[in-house]
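Chain nomenclature is as follows: A, B, C, D and E, assigned in order of appearance, with residue numbering initiated at 1 for each chain independently.
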Amino acid sequence: MLSDISKEQEIVNNLKDKFGDKIIEAKVQSARRVFVTIDSKSLIKVTKFLAKEKNYTHVATISGLDLVKNLAVIYHLREYHSKEQFITLSLKVEVAKDKPKLPTIITIIPGAELYEREVHDLFGIVFEGHPDLSPLILPEHWPSGVYPLRKEYKLEDIKTKIEKVKK
Amino acid sequence: MIIEILKLLIIPGIFFLFTLALFYQWLDRRFLARLQNRRGPMHTGSHGTLQPLADFIKLLAKEDIEPEAVDKPVFRGVPILLSTISITALFFIPIWGVKAFVHFEGDLIFMTFLMTLIAILAFLGGWSSTNRFSTIGGLRAAMQTLGYEVPLSLAFIGPAIVAKSLSISKIVEWQASTGIWAIILNPLGFGIAIIALLAELEKVPFDLPEAETELVAGWQTEFSGRKLALLRFAFDLELVLAAGLITSLFLGGPAGPFYNIPWVGVIWFFIKTTIVVLILSNLRGLFARFRIDQMVSGCWKYLVPLAIIQIIFLQLVLG
Amino acid sequence: MSNSTYKVPIGPQHPALKEPENFLLTVDGEEIIDVKIRLGYVHRGGEKAFENRTYVQGLYLIERVCGICAMAHQLCYVNNLEPMMDVEAPPRAQYIRTIVAELERVHSHLLWLGVAAHEIGFDTLFMYCWRDREVSLDLMEMITGNRVLHAANTIGGVRRDLTADMISKTRKGIALLKKRTEYYKKLVLAEKTILKRALGVGILSTKDAAELCAVGPTARASNVKKDVRKDDPYSAYDEIPFNLITYDLCDVASRVLVRVDELIESANIIEYSLDHLPTGPIGVRAPRSIPPGENVSIVEAPRGEDIHYCKSNGTDKPERYKVRAPTLGNWASMAKMLIGGYVADVPITLAAIDPCMSCTDRVAFIDANSGKNWIWSTEQIKKYSKKNGGR
Amino acid sequence: MDIIKWARIKSPWVFHFNAGGCNGCDIEVLASLIPRYDIERFGMILRGSPRHADVMLLTGTVTRQIKDRLIRIYEQMAEPKFVMAIGSCAMSGGVFQNCYSVYEGADKVIPVDVYVPGCPPRPQAIIDGAVKLLQKLAAGK
Amino acid sequence: MAMERELLRHLVKKPATIIYPFESPEPIEGTRAKVEIDILKCIGCGTCIHDCPAYALEMVGKGLTCDMKWYPGRCVFCGQCVESCPRNAIKQTAEHDLATTESVESAGMMSERFVEFNRPKKE
């Protein structure tokens, strides 16, 4: 890609300057695609900085990810207002699988509420401070503690688990 | 006496009305389909003419579910009453000759009363179903009455003033004998009556009580089987009634060349009602549904003043 | 709650919704004072299925997230995978993709116009719109082989080439559609009954639209200038000139107008692409597996932006595939539009954002205020109505 | 009763139920109403209320969440009633086979009378299914 | 008024309806419907089965002697099998009318019903 990626580089540099070693990895993948991995402890600080000072107030979606040892959450953030910049910044944090806890970002970006609930449903990540993490899309009679998108559940396992609960 | 009974059964009578009702339903559906560039029912009987009959019989033979929660006596009574009233009202319409089967001075008033009754029955039907959609549908039917009732009555008064009588038969007689159709003096009244009757029939743009996209099937949602068959039949009869009324009050009923020969009169009547039905279906294809508040306020804002203007105009011309 | 307010459940099975979802409206007379939503009826567990399908199988699974923006989803999918595989579809394929994507927009907007007309009880217009929509479906069947789920793309290109015969037929069809669209625009502006039902209904101000993250035509009808095709061009959009349509009435009427204008715009795009169609191959060979990596792709579907995230692990199956489809972005705005309106306006307001739940359902949302998860069964409703005097 | 049978065959009112499909089938069901295909020719009218209908047009994968609804709606229909399973989702789950949240085929939940393969079946195929249903009725049952 | 004119225009126009099944619409070339396998061309490589998103193909036996099954109730008519086959043994015809009413007691019958393509067996 020969396109101009100075804007993307700029936001990455900004983040690096501001947070230093809290940024584990930051790369410009291609035009308008930035991937940043940060330490889970500084999630709130980084999001606040992005939202308040860089105008990244639009959360396109939140993806969960199972890295076998850890779980990861990716916030796909975007600047909503300006027209020239359409950078999608994917902010990744990792959490330990046995203690999947993260602070909620809905105090900064209210639109994240539903996405956080979805991730909770499918991966079992607890967002501390979220007002309501009740099941969102999974069917009724869903067995508690089964998070279908985690790798340890094979498709068939889930099915048999559901059938069991029904009986 | 025997002739009277034969008449009751055959010519203006029940059998005739039944056929006419089904025929007009077919005509309405086919015509609308044509306007929409479709074909409409065509595989039942020749050109689908037997479609309404098939629908009717099928519904009669279908299981009749009465939901637990309904108010049984009312729920059962509404379809029966509705079709009886529609038939009764039809006997006031002169079809065979200029005199209706039943006629008396003031039967026009009685007719408006019957039409209100029909709307009230719709409300009762919806209310007795105790289903959300039905209830709202019923309420809407009642509210709608508030809108169209007054302009409808005012529009009916026009021909009455012209013929100086409140009897439908007399009005027809006057038109037949003078050769002047009331529509000539009452063009506005004619339009208003058509619009108001469209509302009475709960057809687009006034099909609010059974608006499918909002209320499933409105106040009819819970009816099934026989009851639904009767309801639909009652609406078909009402279509005949509406067309017949317009024909009688504005288009001179069976009047026309050689109307004194009994069959010719019926044919004239038939032609005129068919035209009215076609006008009604055309309007049905032309508009989007109104919202209930728009409908009621529209009636009061436009139809009522127009109807009054029409009457004042008549007074000036005749007076 | 006073006695005059009662609740109207809309769905999960309701004629105004093509798909099963549940809305619960609290109404006062005919006016709506509260909206609660429960989704989840169409959750099929597709995202897990991706992890068990190869990338090739995924091509068809992704289409079936939704039958209306199938092409948009598939395009997003291949746009996502191709950079990861380090292949690039040749220019001719990019143009064909653009053409099919725009044809899909035409079909989707016409479908929408018809449904909207149907929702306000204007069945004649519904019939006409859908009749004309058949033209675009025929074109798509000719180009791709199917009317609705096209399977037009392969990873690395498109499946079928455009022949000269197809091009001339497409031109003819598009010209016809353009004429009809102009007629519809005239009609919408001239017909009193349509305007009456659309003007000032379901207001969503520019500020709200931005705050609630509305996307697609819904946002553009609220004068938010946002269109992925312009902002983040993919396929051949960076070479094709077209206008970004916005209206500022912020109501149902402007949502209609945005779509009608976009129809004409799409027709222009197709004509331009046909005129400038590059020659060359229509696809390149793509590997079956993808080296570890991740990517995000965004596509402007007929209803707004569609965003996919993919993580690969070196095999021929994705580690994780995530889809966020357009309608979800508009849910928050919807509640805003409904409150304060009339029951009779619900179908048209709902229709105006063109909600299709099949894609949204990964994320169901219930009630923004209380967040309590409940569905009303018929029995409950009956009980409730008795308690409240049945009025 | 031949006349009743005749009436039944000539007047099958339909009711559309989406049990969790992708829209593809649903728009094709709607498309069979439009001028090009016009199923009203056979006297088929689309009704909003299951109580009025004879035939349920079932589209989409039956999801776990909607199963109870589907059964309830089916019970609300008045006898005699028929079900047309439209699309591969309603027949076997289609591409969603072995997903954790779907039943593989609607006939695991309610009895089905006609199966219309396709994804989505085009309107002709749906009409063909309807005609085959009517033929089946005419032949007996 | 624009609308009324349009309505009346349709009165004289022929309806757009195609009286299917008594008359068929113009066939469009290349539409994808029924899957047919030329079993004599098939070498039993299994690529089609591997790529089918709906598990609609099944191989009975192995290699050159295998037979194939196709499940119409599962197939989504995507055409990937046609694309994948190295021997062009699979094609899709334009036959859409695949509906069936045959009832089988067992639930889930449609997904169990298949079309079988058998190799002629040598005596």
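Operating definition for what follows: contacts are C-beta pairs under 8 Å (C-beta built on N, C-alpha and C of every residue); 3 or more make two chains touch, one makes a residue touch a chain.
Everything numeric in this text was worked out from a predicted model, so none of it was measured.
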| item | value |
| --- | --- |
| Chains contacting each of chain B and chain E, listed by label | C, D |
| Count of contact steps on the shortest path from chain D to chain E | 1 |
| Centroid comparison with chain D (C-alpha atoms), farthest chain | A |
| Chain pair with more C-beta contacts, C-E versus B-C | B-C |
| Chain of greatest Cα-centre distance to chain C | B |
| Chain nearest the global centroid, as defined over all protein CA atoms shown | C |
| Centroid distance [mean C-alpha coordinates] between chain C and chain A, Å | 24 |
| CA centroid of chain B to CA centroid of chain D, Å | 35 |
| Between chain B and chain A, distance of the C-alpha-averaged centres to the nearest whole Å | 63 |
| CA centroid of chain A to CA centroid of chain D, Å | 41 |
| Chain E, residues touching no fewer than two other chains | 3, 7, 15-17, 19, 53-54, 76-78 |
| Multi-chain contact residues (two or more partners), chain B | 33, 35-39, 42, 212-213, 216, 285-286 |
| In chain A, residues with contacts to at least two other chains | 138-139, 148, 155, 158 |
| In the complex, chain E residues that touch chain C | 1-3, 6-7, 16, 28-32, 50-54, 76-80, 83-84 |
| Interface residues, chain D side, partner chain B - complex | 1, 3-4, 6-8, 10-11, 13, 34-35, 38, 40-43, 47-49, 51-52, 54, 76, 78-80 |
| Chain B-facing residues of chain E, complex | 3-4, 7, 10-11, 13, 15-17, 19 |
| Residues of chain C that touch chain A when the two form their complex | 39-40, 43, 45, 47-49, 51-52, 83, 210, 212-213, 225, 228, 231-232, 294-296, 298, 305, 307, 309, 311, 319-320, 322, 324, 328, 331-332, 361-366, 368, 371-373 |
| Contact footprint of chain E on chain B as seen in their complex | 33-39, 42, 282, 285-286 |
